[in-house]
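Taking it in order: structure first as structure tokens, then the write-up.
Just so it is clear, A, B, C and D label the chains in written order, and each chain counts residues from 1 on its own.
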């Protein structure tokens, strides 16, 4: 068993943004509030990074807050996989805070302090999920995240926001209470504990094949934030939120929490041997492959840019679950790596969509012909990010696609290989036309004169940074790749 | 609704009959009820509390906690009636007033606002007033003192004969209510004001609970009268008997005033006018 | 003084009631301080009693110095010590915010209101602490009568009518309980609960004991508004004044559930209830119906307070179902839910009290734009709502945890499905309310023309908001420390006989 | 057949209290007038009082008051008291409380009925419900 050290750092990392919320709520001037947001983001990122060396050495950090029952307590355990996700989310929070200042000021949105308060609240829940040691702590922060993001999704407080908020809650809270709660209690009743062990805690309990299958379905589809097909339609509806929200939350924090929980369930609750022995992973493979293909196809037909990005996110998320449910070492590494790669790529795309909206007020792709001449930097970043998403060499996305393909070959799943290649084609099919129309359109159709007029600096700088990061990740994917490898090696036990 | 009521009544009745089959026969001396706890009361009352009337002994000593809460029930019912019905709004000034000259029986009507100064020969009556009846008024006025003396006897003699705080209190309350019915509520209110009734009622139950608290302060458990022995200067057994008497007096006061208070509120619908 | 805790818990509020009533006549401002001091002392002695019980186990307190079967005595074990603390804390937490609305709604007979308030709390504390079956009936009547008095003074003619119906059903319930005690008295000859429990085993088979149990149960179910017998609860709590309803809603039904659990665990012992009698499965099905119908009926209500009363009916279904599952987890869940539900209902009703204090109405139309106007009250309401839905850090989740585990272990999955269904319905219920107060702009429909003195809409007075926030924080604290509560208190309360 | 008759005769006090109780229960549920319901409730409570008091009776026993004990002072020769000679006092004590509770509930019920009458000017439940529905 890897040696663990006890330190309060994980709790501090979670509370860093939580404690700052009252100050944000009560601060009078906007600058003070934004300064505090940056401070909190910086502190959180530093805390997470400070834990990185100890994790890379292979030790885990454990901290117990309060113990309810023998196997269930609010407990944090920072392992390599948790660290990977926390690193991604806390780093992107800094970038998104900068971006949201530009966006909010650009559009003079109302009740901004409430926006920043719930944003910080959501981030603390995200990091909480990343560091949770057992299923109940994960469930606790998962629910906290749903409640924290509700006011963000319905920020505009108009009729459409109300309907999509209702749909958002119905899917997220409904599935989590309806599916995850009973499954969690049945697991606790079977095994007496909910700790994410090296091999899932359900391994030794002698649960029958059908019961395990039922629990698997309940837990995987219970975490509806992973947007696997039947329970995905809340994501496009949530696009009614302001862009920074959909950028950080619906590209990085919220959906990644869903996927992270599903991966935790597969590796921590069931464990690879149990799933292999009952060979139940075909259920996941079928579901995720369907999600990928259908998601990409629908994305093709979308005209609204943000809805296109939403459906592409649905497809990309299922890559992660697909990779992990291959149960082969390479596939799992690819899946976990994709969390990081997709995060940086997709957040850049959302930032571009937001910048276009701030600068020109345009939402639909059909209205963006020739925008490249007007906003070259934004569209350049858009092009790089789309390459990263489709998994082409100059960007980091390539690595995760590479490991995914190797993993599916290793697991002799030829069908999965076909699905991966087909979906890459589809990705290219719905991204490249946008880029082509933006830059190489014929003059008479272009709707813009060719004077350069970018979005405010606060919007453009963050999206450039994330675009550069996604390119750098190709040459130096080390922190995430190293963490993913360590997690997989610990699970597979080589 | 009638059929549902009938069905429920019949089913519960059938169920109770079915269950009553296992009960001991009527008046059978060997029934568990008369062989488990009550023999102790019958045999030990005399030596433990020196009160011949076992019911009063059990009521005010063995199960005195019950009786304290019973008095509290009466008190809370009186306060609840007061709270529900009593209205203090003074809107009837504008109406005209009726007076009757006592000796001749002539009724005098005074226009709005006007008032006859209070004097013995005029008494205030109200429009919904039933005709004045001399025989009932004089008989009731004569009867009241005798009822009250009998009530005090019943309270004081609870130790030796059937009676006690509740019975005596109710009789005393009845005497006041007889006066209120025969005359009108105002004559009673002039003699016993609403404030006096409210405070006395609380004081009665406070006397009961206070004696119990006194025993608590003197070291023994709550309501354990043998703790009063040093205070009353008698043996613990006699202290219990005297304790019972004090408590009975408290109960009598509480019950009397509670009955009067409830009658005042219910009969005059909270307006404290002429009552029934 | 610590020897006298069991008596002090009940006697101090009782004596203070008899001081408050005359104070009501003398000068009205004295009533609130006396009540506050009395309840504070009662809470102190209740907590002291709980710690004494945790150290020394069961405490027997002989009233008037007589030994148990002859005199009345208290048997304070972990179960009633815990419920005692809950009742005292909820009553105290409700007294402070109630002061302002009492001054507004009952300016001239405040003394009577405080007297009824303290007597009601005394009755409830007495019910929880007493060890004598008949004494419990008398205290039941005190709690009932003062309850009728408090609930009667509400909106127009509807409140007395609803209270009158409550009186009919409540009296039938109390008389059934009295009849059950009478049956037990005839068959065993004693009135003391523990003494009866000792005498019963030999006559478990007799029809009279089975009848006594069923009659007691029907009486207690009537008093706690268990589903088929719940008709009186919604109207009487909705039309009552806000201080009265926020005292009675959290406590009255929970204390009756304590009485039911006391009957099951101590008087009739679990092996009679679950083995000799075979009705526990049927009762769990009844509880399922109660939960589903409670949640369902709450959906069509357009008044916030009435919706909450139906949720109380559903919560009663939780506890009855949990207690009758027949295993340790279910019983622990039921006992834990008594404490949790009292706190949750108090939190939500205090929030409603604040809203009614400001908008003078508890219908959905009065709730518009409240997040902007009354952020702290709505914050407290959201925490209460989230706890009723059952979201982790709050205590509602943990009692659901035990109840569902109990359902799984005893194989009665329909109870688990009912619990999940009602959680989902309460998600819809509460977020419907939150939507109204979040989206719809504050339409000042009070100021329609003629009354120009509409009070400027802003947060409820401080003395009403702070207790609400404390209770909301308490919800999360109790949730976090569920493990200690269960381990040190409730695990002793559930007898070993229940596996 | 004879032992059935004997059984019925030996336990006649239970049948009486059950019939009284059921009359009261029927009145509460089925009657339309509020005051009639209150009277039904009173019958219901009195039936239980009758039930309790009837359990205290003993064959050949007198009322539970010890006459010939004229005070403990010179009671040296007071011979032992046999429980069988005196009736069981406990039901009487309990029923004193039940009577008081009955009176208290009656008082509060009448107060409530008065308030309902003050607001709706009728005591018939169907008329009151009609008024409420009209509002």
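As a convention for this text, contacts are C-beta pairs under 8 Å (C-beta built on N, C-alpha and C of every residue); 3 or more make two chains touch, one makes a residue touch a chain.
Worth saying up front: this structure is predicted, and the values here are computed from it rather than measured.
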{"item": "Pair with more cross-chain C-beta pairs in contact, given B-D and A-C", "value": "B-D"}
{"item": "Chain B and chain D, separation of their C-alpha mean positions in angstrom", "value": "18"}
{"item": "Whole-Å separation of chain centres (CA-atom averages), chain A against chain C", "value": "44"}
{"item": "Chain C-chain D separation of Cα centroids, rounded to whole Å", "value": "29"}
{"item": "Rounded Å distance between chain A and chain D, as computed from the means of their C-alpha atoms", "value": "71"}
{"item": "Sequence positions of chain A contacting 2 or more other chains", "value": "none"}
{"item": "Contacts with 2+ other chains: residues of chain D", "value": "25, 28, 55, 90-91, 94, 97, 101, 104-105, 108, 111-112, 115"}
{"item": "Multi-partner residues of chain C (at least 2 other chains)", "value": "134, 138, 141, 145, 148-149, 152, 160, 185-186, 191"}
{"item": "Those chain pairs that satisfy the touch definition", "value": "A-C, B-C, B-D, C-D"}
{"item": "Contacting residues of chain D [partner chain B, same complex]", "value": "7, 10-15, 18-19, 21-23, 25-26, 28-30, 32, 54-61, 63-67, 69, 71-72, 75, 78, 80-84, 86, 88-94, 96-97, 100-101, 103-105, 107-108, 110-112, 114-115, 118"}
{"item": "For the chain D and chain C complex, residues of the former touching the latter", "value": "25, 28, 34, 37, 41, 44-45, 48, 51-52, 55, 90-91, 94, 97-98, 101, 104-105, 108-109, 111-113, 115-116, 119-120, 128, 132"}
{"item": "In the complex with chain D, residue positions of chain B that touch it", "value": "1-2, 4-6, 8-10, 12-13, 16-17, 20-21, 23, 25-29, 31, 33-34, 37-39, 41-43, 45-47, 50, 52-55, 58-59, 63, 66-67, 70, 73-74, 76-78, 80-81, 84-85, 160-162, 166, 237, 262, 265-266, 269-270"}
{"item": "Residues of chain B defined as touching chain C within the complex", "value": "15-16, 18-24, 31-38, 40-41, 61-66, 68-70, 72-73, 75-77, 79-84, 86, 88, 195, 198-199, 201-203, 205-206, 209-210, 212-213, 216, 220-226"}
{"item": "Interface residues, chain A side, partner chain C - complex", "value": "65-69, 73-74, 136, 139-140, 143-144, 147, 151, 154, 157-158, 161-162, 165-166, 169-170, 173-174, 177-178, 181-182, 185-186, 188-189"}
